[in-house]
Amino acid sequence: MLNFVDTVADAVAEIKDGSTVMIGGFGNAGQPFELIDALMDCGARELTVVNNNAGQGDQGLALLIKEGRVKKMICSFPRQSDSWHFDAKYKAGQIELELVPQGNLAERIRAAGAGIGGFFTPTGYGTMLAEGKETRIIDGRGQVFETPIHADVALIKALKADGKGNLVYRKTARNFGPIMAAAAKQSIVQVSEIVPTGALDPETVVTPGIYVNTIVKVA
Amino acid sequence: MLNFVDTVADAVAEIKDGSTVMIGGFGNAGQPFELIDALMDCGARELTVVNNNAGQGDQGLALLIKEGRVKKMICSFPRQSDSWHFDAKYKAGQIELELVPQGNLAERIRAAGAGIGGFFTPTGYGTMLAEGKETRIIDGRGQVFETPIHADVALIKALKADGKGNLVYRKTARNFGPIMAAAAKQSIVQVSEIVPTGALDPETVVTPGIYVNTIVKVA
Amino acid sequence: MSIETSIQTSATPLGRDDLARLVAKDIKPGSFVNLGIGQPTLVSNYLNADRDITLHTENGMLGMGPEAKGEQIDGDLINAGKIPVTELPGASYFHHADSFAIMRGGHLDICVLGAFQVSATGDLANWHTGAPDAIPAVGGAMDLATGAKDVFVMMTLLTREGASKIVEACTYPLTGVGCVTRVYTDKAVFLTGPGGVQVRETFGCTLEELQELVPVPLTAAPAVVP
Amino acid sequence: MSIETSIQTSATPLGRDDLARLVAKDIKPGSFVNLGIGQPTLVSNYLNADRDITLHTENGMLGMGPEAKGEQIDGDLINAGKIPVTELPGASYFHHADSFAIMRGGHLDICVLGAFQVSATGDLANWHTGAPDAIPAVGGAMDLATGAKDVFVMMTLLTREGASKIVEACTYPLTGVGCVTRVYTDKAVFLTGPGGVQVRETFGCTLEELQELVPVPLTAAPAVVP
């Protein structure tokens, strides 16, 4: 059931300890900063977070990690010049890391939303990231079995929503938003603008409202 | 390499005997009728055709089937009130049929374009359409292993193309077009309009030009 | 008041339109729904706009409106039954893989399907008569049966020959295993699942009379079921 | 004229910009290309617009233009290295799964990557030094390595310590198996594959001098290789 709320605090109020939380964004583009701050404030702990990276600088996801609220990161690229909070927790053995090639991350998230039980992909075959995984040769190519990544909650950022929860994005800020919205039980979306139902061209909707649960406008 | 041609005959001229040809469309919406007629005229035989249906009435795909040019159909719904040419060939044992649930058909086509070696899906589990297929229980649900459907050629219909081959579609005529364009080695597209490069909003492109090889404008 | 009389909500069997109205009433506001071809399509006549129910059609659309008439008819805007339809405000279009991802990913609240047979454990048979000379055609039936959160079946309880379509085990080829949650028929509404077949209400018969027609054990559903 | 002199096309080793210019020249008009982070990004400086080469960035775009400057900078328009970039006419945006489907489905003609090591059979190591205390980070490297029709590597031939980065077998953790088709270095262009390592051209050294640096057997490539 679609829900429009007034504050980011209301938007994240039902996120529970132990949840798996997908967070959209690649670099700063598409990062739902205000929702992440609200997640910080709401106090939920023991989180498994799915994001391409593992936080940067002293804000957002990096701060959640610093405060010990993240039990496990599922990501493709945790190591960045300013990922010091993750680095410290990782080296101290205080955070788990599931490192996933970026395309497998995207496809596994997509699989969760699309009801796929698992798939074979050549990406990672013969590498240490396939160790312990089922493999088989298909059409002469080595392939690795990968499983869907489901989430309790997705926090994503879009440009506009209409009254039915349909979303459009802006440029490369689209990135993980559409697939995370489909993979999570509850999708919480911050948008720059809410437009009347009928104002979005049905040909150009990127995320249909069926994938959206909560919308909050962030100035 | 992208190629703009003047006639549908030129567009299909390189389709060879024995090819696997995907044909877009669901009902009449999105059917590339003119390209199918050109395929009829070009004489290619022993075709494997992938389409949701198996031809209707006395035109297009139905005519290809009537003339014995189709060795095998891969489709979800061959039996219709006016599918008499398929019906006759099938009952005479003169055409092979691979019957695929419509969602598996779409997902298998998508898998081919996306480089997926195969996937597990609950659709069809426990039914006669899963007989002989690998199955496993994943998260408590029976699932069937399905493989990608690749094609030599896709014949599809879009609304507009720009100079880079980017495509947009119209309403439910979009259907199989985008996934077939990605799954085939050569995508041949009939469009109602060719617009200058830059005239399509990059946010609204449905099929990027990387998936398109040949474009012909059909009045 | 006996259980039998308490669940008999109509003095006569329900006609197709009354049954469609009943199904519509049972769909919660805000739901996303796919209505199968044939009898289930009638349900759309009773979904009032104020209940904010969004219809999905598997050929690539959410927000499908009523059948198109006259000048509304547009060959590029059809439903899964290939009937021209209309577009409601807030609609969206997508390609076939994205459309079936909506179904297969468990995002639809309800799909309503016709059936040849439904078993006591919710197995569905609705795509193939099993006749040896029949040309098989499945369409999206298996995806709808396995994907939606709730699968409602609408059918007459009995075949023309008087046999129950609710059976111990389906004799027709299956569409899906254990997928049906509710069966709406002219004579009763049944709830199916691991706990056996429960009867929510009957039309023109008592539970005892219904039991004589149906070859699986029936129990009255707890009154709380909506 | 000996084979050695016939393939030496420069009197001195190539600088990074000359190497980038050479890679650019080898990319056929109309190609779809992904340029990895670091040295490969330099190639974009030499792709003239008249050659109609389309750049893909894995964070969701085809038709990427040059780096954004000044007022062009838009935080919603970045490349895989998180650098602000521009949009060319005919660009398109898509989500991450669709973007990686372009790579993984074999639709890119070429990707150009940096490397720590390339083996004689085209194995690539470019994501992890293998140091026990290093935090591993892979990003899109494995998808690029396995997905593109041709994988070009750009690197210096030797490490700072003077060891060849073309090796019999990689000692660093692999990114992909048998995926590299061509290696552009400051001292030579190598073609890798099942037939061993062939040298297309050398810069500032003869094939014999090159062979002394590289611990795998080298042969001169047939002259027809472009």
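For clarity, chains are labelled A, B, C and D in written order, and residue numbers in each chain start from 1.
We take it that a residue touches a chain if its C-beta (ideal position, glycine included) is under 8 Å from a C-beta of that chain, and two chains touch if they have at least 3 such contacts.
Predicted model, so just to flag it, every value in this text is computed and none were measured.
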Chain C and chain B - chains in contact with each: A
Where chain A and chain D overlap in contact partners, by chain label: B
Centroid-based (C-alpha) most distant chain relative to chain C: D
Gap in Å, rounded to a whole number, between the CA centres of chain C and chain A: 35
Rounded Å distance, chain A centre to chain B centre (Cα mean): 33
Between chain D and chain C, distance of the C-alpha-averaged centres to the nearest whole Å: 56
Touching two or more other chains - residue numbers and ranges from chain C: 61, 87, 93-94, 97, 100-101, 103-104, 147
Residues within chain B bordering two or more other chains: 107, 114-116, 121-122, 169-171, 202-203
Topology of the chain contact graph, where touching chains are joined (line, ring, star, complete, other): other
Every chain pair meeting the contact rule: A-B, A-C, A-D, B-C, B-D
Contacting residues of chain C [partner chain B, same complex]: 57-61, 74-79, 82, 87, 93-97, 99-101, 103-104, 123, 128, 133-143, 146-147, 173-177
Touching residues on chain B, where the partner in the complex is chain D: 1-2, 112-116, 162-164, 166, 182, 197-198, 200, 202-203, 205, 208-211
Touching residues on chain D, where the partner in the complex is chain B: 30, 32, 54, 56, 61-63, 87, 89-94, 97, 100-108, 147
Chain B contact footprint on chain A (complex, rising order): 107, 111, 114-122, 136, 138-139, 141, 143, 147, 168-171, 201-204
Residue ranges of chain B touching chain C (in the complex, touch as defined): 26-30, 76-80, 83, 86-87, 90-91, 97, 99-104, 106-107, 109-110, 121-129, 142, 169-179, 206
